[in-house]
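Structure incoming, see below.
A, B, C, D and E label the chains in the order they appear, each numbered from 1.
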Amino acid sequence: MITKIAIETIQLLIVGLGAPLLVGLVRRVKARLQGRRGAGVLQPYADLRKLLAKEAVVSETTSWIFRFTPYLLVATMLLSALLVPLLTTRTPLGFLGNIIVLMYLFLLGTFFLALAGLDAGSAFGGMGSSREMAVAALAEPTVMIAIFAMALRVGNTELDEIVRRGATDSLLLLTPGHLLAFLAFFIVALAETGRLPVDNPATHLELTMIHEAMVLEYSGRYLMLIEWAAGMKLLIFLALLSNLFFPWGVALTVTPAAVAVACVALVLKVGALAVGIAMLETAVAKLRLFRLPALLSGSFALALLAVVSFLFVK
Amino acid sequence: MVAELFPKLVTLLSFTVLGAAFLLIVRRDLAGQVRLFAVQSLTLAVLAAVIAAFTRSIELAGVAAALALLKVVVIPRVLTRAVAKIGLQPAALPYLGTPATLVVCGGLVTIAFYVMAPVAASNPLPTAEAIPIAFAGVLIGFFVMINRRRALTQILGFLMLENSIFLLALLATYGVPFIVEMGVFLDVLVAVLIMEVFIYRIKENFDSIEVDRLGRLKG
Amino acid sequence: MMLVALLLMPLIASALIMLVRPRVWLEIIHALAALSGLAVGLMVAARVWRGDVPVAVGGLLRVDGLSALMVVVITLLGAIAALYGLGYIRVEYDDSHLPRVRGFFALFHLFIFTMLLAVTTDNLGIMWVAIEGTTLATAFLVNLHNTPRSLEAAYKYLILSSVGIALAFIGTVLFYYAGVSRAGEIAVNWTSLRAAASTLNPQVVRLAFAFILVGYGTKAGLAPMHTWLPDAHSEAPAPISALMSGVLLNVGLYALMRFKVVVDIAVGAHFTGPWLLGIGLLSLTVAAVFLVVPRNYKRMLAYSSVEHIGVICMGLGFGGYWGVLGALLHVVNHALSKSLLFILSGNILLKYQTTDILRVRGLWRASPLTAGAFTAGTLALLGVPPFGLFMSEFLIFRAGVESGPVWVVILGVALLAVVFAGMLGSVNRMLYGTPPEKVEHGDVLSWSLAPLVVNFALLLVLGLTFPDAVADALDQALRVLGVSRA
Amino acid sequence: MRALLRKIWTTPVVAEPLAPADDDRQIEAMARQVDARAQRLFGRSLHIREVDAGSCNGCELEIGALNNPYYDLERFGMHFVASPRHADCLLVTGPVTRNMADPLKRTYDATPDPKIVVAVGDCARDCGIFAGGYGVVGPVSAIVPVDVVVGGCPPTPQLILAGILAALDRRGTFQRIHPTDGPIA
Amino acid sequence: MTSSETLTLNLLLLALGGFGVGAAGAVLAACRPGVSRWAGHVGALVGAMAAFALGVAGLAGGTLDVAIPALLPVGGFSLGMDRLSAFFVLVIATAAIPSAIYAIAYTRAYEGRSSLAGMGLGFNAFLAGMVLVALARNVLTFLVMWEAMSLASYFLVMTEAEHRETQYAGWLYLVTTHAGFACLLIGFLLMAQGTGTMNLGEWRAASAALSDPVRHAVFVLLALGFGAKAGVVPLHIWLPKAHPAAPSHVSALMSGVMIKLGVYGLIRIGFDWLGVGVSWWGGAVLVVAAVSAVLGVLYALVEQDLKCLLAYSSVENIGIILLGVGAGMLFQSYHLDALASLALVASLYHTLNHAVFKPLLFMGAGAVVHATGTRNMEEMGGLIKRMPQTAACFLVGSVAIAALPPFNGFISEWLMFQSLLLSFQISATGINLLFALSIAALALTSGLAAACFVKAFGITFLALPRSEQAERAHEAPWAMRGTMAMSAVACLALGMAPVGLLRLLTVTAADLTGTDADVRFNWNGIVANDAFAVVSPLWIAVALVSLLALVPIVLRIIGANGGRRAYETWGCGRALQTARFEYTGTAFANPFKRVFGLLYRPVKELDIQFHPESRLFVETIAYRNETRSIFEEVLYGPISRLVQRGAQRARIVQSGSVHLYLLYIFVALVVLLALAG
């Protein structure tokens, strides 16, 4: 029991506390790639702390939805953190739900965030909501097909189980379907977490915004919660990507040593992915909104190819 | 002798009836058409009388007499009265011209022979040979109704059709039972009277007795 | 005796109406004759249903199960139409048009008489005479208003029906001819013809049936001989339309059925079946074409009669117990519903002074009672449960699936669906919306609609149940038609 | 992407290091101060919203330069944001024109407390050459409380940075900064 | 008769009695609209409650056997109940109970405008018809009740027939449903002919006697008939017109349950009457379902009429339900009966869920329409402040229908995903790919549904009111709010504690497929296919709520600034912040319109009126961006035009020329003579 609580606590801490670090890392690497020094990797912590100290200006037009959403977002992310196998393949709360539950938890957050975007009645918020929902909806088939591909590979949709089977499969990286599914899932992760080329998290131009446009109205602690949640989402997605597709180092048995190794492995894998994202973001431009379907259908095609390859390999 | 003569006579008279029908196609003036009908009816009455004599049927003789009275005297009178009352009318051309009509009628006669051949063949009566002729009369009467534009001519066509049916019945079975025949005569008479009234009303309402004018009720 | 009374009563009523003077008396005689006609008709039918076959006037008149059914239909709907006619004529013609009123009542009963004669006589010749008589009796009724339109309709009706019926006479003669060598002169009687049926020359019988089908088909309103029907039924005064569409067509069908029995025995049922199916389907198609977008609601009802007669023909064509049972039930149901609707159409005409569908609007608001009845009647007519027509159509198509080619059933049902769409759309257009300004609120002749309760009740009864009495009555009629429950 | 990454690899960091360099000593010093003070008030995180209240865009060019790799504002935890709701600091340029007076006020009100306002450029200070123009309402301080005024037409990025620094330092007390004022101790 | 049969019989009689008394009461009190309103709907409520009990009894294993041979000849009026029937009775009652209560308050607005007697009569007849359809055990009983249900709902749709669109909607509805009825009729007759019985209960055993062509024909015909009622694409065109046109409590029932009877029929043909089907049947159902789901939600997304949006969303949900049915049929034809049961359980649960949240949404929409007098979302907005409770309930419905945890839609969609994912057990590549595409379709659907209901809720309830009516809107009467709250609670309960009901549904599915579903339940969770997938809805909810509570507490502890200042919305400092600056529903849907332009084929019209003096000044700008329905344009439009034009052309046969008419007779005679000779 204590081990279980310990593991879940570690997971919560990794996600909750690691999220700003991850964001900082991506920004730092990006700055470096742009020839800047950039803020330190710990800058996001400072940002969040500062936001907590500020008052919140809330539009008179808004309703309780606007104020409720940040809390819900954080709650869904923390809940996700509890059921994702970050360290071991025996996540204590894994019984809460499988990967589909996870995706729907994300969707729940997106749903409310989009509502919040509409709540203030500003044109930007509405625009952001509309775009965010469009991207989310279009990404959904890829997610599910990628999951189907995984289910074909391991015969299961339980996160723990997928990781476990992967960890014991030495030829994993040589499976074309696996790599295709990874690529598809990676693109989806970019779309879901609002990274380039889908969305530019650093943009100042309202008309090009997606995620940012929805949160333009937030300030103070609400903004802090939302940024934090966004960071957590990125972390969870990257952790998922690394553990589902590269399940090296994940603890198959729950011993302190194994967990410690898993922690280190996770940090390394996520870090590598973060660097990858930063490099990608430096190299590519944001796509026009109406070019996005091409990207997402491309990822869908990849996922479908993965399915096909598994069908034929079987 | 009589037995030999009888079918020939019947066939001859039947042809006369059919001939009258043919003439109706050619005739243009109404009064002449009415007279033609009277002639046809008279021939028919004679034929009925001949058959009545041959079969010694009193009923049929009665029918012949009634026929003569009705179709040679009463109905032509009624129609003549109508013709007089309508007055002179420009004769509208039929849909098909006379030559074409005659060709069509030739075709109709062929059809009649073709259709009625089995009936004629299966009939033991001496009059049976002429059955197709009677049916040809029916078809020609029908055709006149289709081809002619004036209401009165249509009625004459109908009457000739009726005559031919009577002829058919006569030839095939020596006539239908008396009571039926009387009923039929009654119907024909009433029908003609009603038609007469309608013709007057059409004249009144449409200023013409051309049936083509009756074209409001469509679709 | 009762049989003779049945026939004499309308005749006498007709004569009396010509004689008496005050309008009230006319109306009283009219109503009495119709109601007592119904009473006597029911009594005659009751006798038949008890197993008796009344015969009168030396075998000239004979009422079997089929005739009894028709007698009931004629007298019942005659009575309903007569009662409605009272009110209707009152609204249409005041006392200054007494001759016309008198003519209407007199011809009305003459019309009833001819129909009754046609279905009660055993003599096929007399039947022919009587059916021709129906044309003659109704020709003036169609032209009652003496407008150019009604005149045109009446003229066409007269010419086409007369020609058609003349062809039927050829058929009758040929049957007589085929039978006379076997059964003697009484071969003109249906009973003896039927008795001798198996010995008849099949080829002649086939020819004869062609004439009969075209001839009586004209009278029954089967396509392509139906062309007079929409004209005449739409121009006639509402009570007459009700009788013509509801009853007279069935009399034509009745004649057809009588001959069909004989043909089926002489040649075999495989002969008439396809013909009736074909002509039924053709009627249905033609009606459907005209019911896609009807413009005139009385014509719409008339075409719907073509449609239903087609359906009945299909039932007869499919044959078998269920098919013929369905056809007979459909005869009754159609009579009930169609007379109902024509009567209501009279009300609408009185209210809106037009038969144009596009100019009738807001019937629900203008006269709710009429509208309600019209809606229910239309739905009944379209074959919607719980009304009888659904049941009879169900039986007919069931028979079709059982015996006939299934594609005919599919086509038939599809055509019925097209009719459904067309008629429902048009009726909706009439029912809803805002009525024109000149139309005042309130029902006309609401009390004259009271008898329609009978129609609705019967339609419901026939739609939901199958009482033993009805089953027995139909079984008797079916036995006449040579089918019995397997 | 490969070419780009190669280029990135071969290009050194151009942002001035915090290690002393002759000309840029000031910058370095200021940066350190900003670092320290911002930490006090905003926890080393300062989000800036730029408001152009009617400027000729000269100041904007200089402000824009703050973002480039040379000045690299971000390394101090400063960041330009898209909404006043996210901002801690308003950077106002230009004389306040009639049409921008109200929006400026609204922007100020829309910014959550605590917040600072830095008026950038001569125009923002006293309407500069536009003073008295019919379309000009007045300097920024006429509309919203200003913490620091940075003079210059346009001020250098250095100065602007200094102004922000000063604002952090003396929030609530009005202060002017001029190019001639010299480095801030 | 066993005691359980006595119980069910009594419940049935009570239900029918309730409907009967309700109908009679409504009609008898026709002159007193207030009384009529109460009588009709209270009767319906009593009936619905009895039906609910009947459904529960049936699911628990109670049976029913009623036969009245005298009523409806040819087989007689015959009712029976197995678990499937019972389940659908339960579904009907579940939606009917809130609708009836809601109607008491809602129909008040119709007093003086429409006949409340008619509405009461129609409402009760509608309910009775639906219940009896589910229970019918004889062809004729089924058909008559089917049509009674259609007719009653038709008249209810026509309640507001003074509008032209309503007339058209009603017409289209009845025509489509009747066409479907025609298909059913032929299909049933063929089936009865092939099996030799009109008793629906005997068909399963007798279906082996059917020849292959007949089996296929029966399947196609019945599927068409039931599909038309269910509103699957492309037979859906009536649905988005008729459902919005009806009063909201009726829309709730039509969308919530009536279309489900189409599903009922499809389940019957897929799993019961025709025995185990051929694989292409299931494949066809799966494809149609996927297309319905995606197209339904796509059309919903661009709809500005709130009730129309909900109606299209019903097309979508029917698609989702049928995905399970189709998958189940396919599994069955590959002998994976346990999976078939699982798919069926998912379908049935979604059926029930949709019957809870769709009425809830329609009732919410009704309250909104009631308050604002319009169905156009572009004239709403800001209602969350004016009608907070309605808004909360509508939000629950929206979240539930978007299949988000912890509400009920999520559970059924989760189950659906599992059953589709498990299709890899079939070893046929083509079928696997088909399933892959259905998974993608379902995923796309759920994403789009989320977007759709963000729009529905956001545009309707959030931000500033877009019209004066919306500004003046008021909260709905308590009865309406109460029923909505009831349904909202049901959504949550069904989402958090689905296990008990799912166990019953497993038994129901097992009755049809013969095998228990491939799913286990522990006291709080669902485990599909031996730990293939697990979900614990209750714990998710608990965890979510505790985390929600935890976050503010932690914030407080670490000393977050709790200050809050209200100020206007940030509009770049614009002077005026009015509703005109808000994102409209049309704008919200625009990205989707562009992405799926092929399907929507939007028509854009930009009409700019310049000032006569100078083109630099614009007087008015009118912008219209409407989508066109492919099916109406490509499929039904041409057919309808063809029929109409053909009919118009063919009318010349009745040319008015008596000569021509005579010629017809002549030709007929000659032809028949030739045939006879």
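Quick note on the criterion: contacts are C-beta pairs under 8 Å (C-beta built on N, C-alpha and C of every residue); 3 or more make two chains touch, one makes a residue touch a chain.
Note that the structure is predicted; figures quoted are calculated from it, not measured.
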| item | value |
| --- | --- |
| Neighbouring chains shared between chain A and chain B, ordered by label | E |
| Innermost chain, where centres are averages of C-alpha coordinates | E |
| Chain at maximum distance from chain E, centres defined as averaged CA atoms | B |
| Farthest chain relative to chain D (centres taken as mean CA coordinates) | B |
| Winner on C-beta contact pairs when B-E is weighed against A-D | A-D |
| Chain centre separation (chain B, chain C; CA means) in Å | 31 |
| Interchain centroid distance [CA atoms averaged], chain D/chain E, Å | 59 |
| Rounded Å distance, chain A centre to chain E centre (Cα mean) | 35 |
| Rounded Å distance between chain C and chain E, as computed from the means of their C-alpha atoms | 44 |
| Chain E, residues touching no fewer than two other chains | 563, 565, 567-568, 570, 651, 654, 656, 658, 662, 673, 677 |
| Residues within chain C bordering two or more other chains | 152, 155-156, 159, 163, 203, 207, 230, 290 |
| Touching two or more other chains - residues of chain D | 83, 85, 110, 112-113 |
| Pairwise chain contacts under the document criterion | A-D, A-E, B-C, B-E, C-E, D-E |
| For the chain E and chain A complex, residues of the former touching the latter | 381-382, 384-385, 391, 395, 399, 402-405, 410, 414, 417-418, 421-422, 424, 427, 429, 432-433, 436, 439-444, 446-448, 450-451, 453-455, 457-459, 461-464, 525, 531-536, 539-540, 543-544, 547-548, 550-552, 555, 558-571, 577, 579, 581-584, 587-592, 594-595 |
| Chain A to chain D touching residues, read off their complex | 27, 31-40, 43, 46-47, 49-50, 53-57, 203-206, 209, 212, 216-220, 223, 279-280, 282-284 |
| Residues of chain B that touch chain C when the two form their complex | 115-116, 118-119, 122-124, 135, 138, 142, 145, 151, 154, 158, 161-162, 165, 168-169, 172-173, 176-177, 179-180, 183-184, 186-187, 190-191, 194-195, 198, 201-202, 205-206, 211, 214-217, 219 |
| Parts of chain C lying in touch with chain B, wherever the complex brings them together | 60, 123, 125-126, 128-129, 132-133, 135-136, 139-140, 143, 146, 148-149, 151-156, 158-159, 162-163, 166, 169-170, 172-174, 176-177, 180-181, 185, 188, 201, 203-204, 207, 230-231, 234-235, 290, 295, 299 |
| Chain A - residues contacting chain E, complex | 52-65, 71-72, 74-76, 78-79, 82, 93-98, 100-101, 104-105, 107-108, 110-111, 114-115, 118-127, 129-131, 133-134, 136-141, 143-145, 147-148, 151-152, 155-158, 161, 216-217, 220-221, 224-225, 289-290, 293, 300, 304, 307-308, 311-312, 314 |
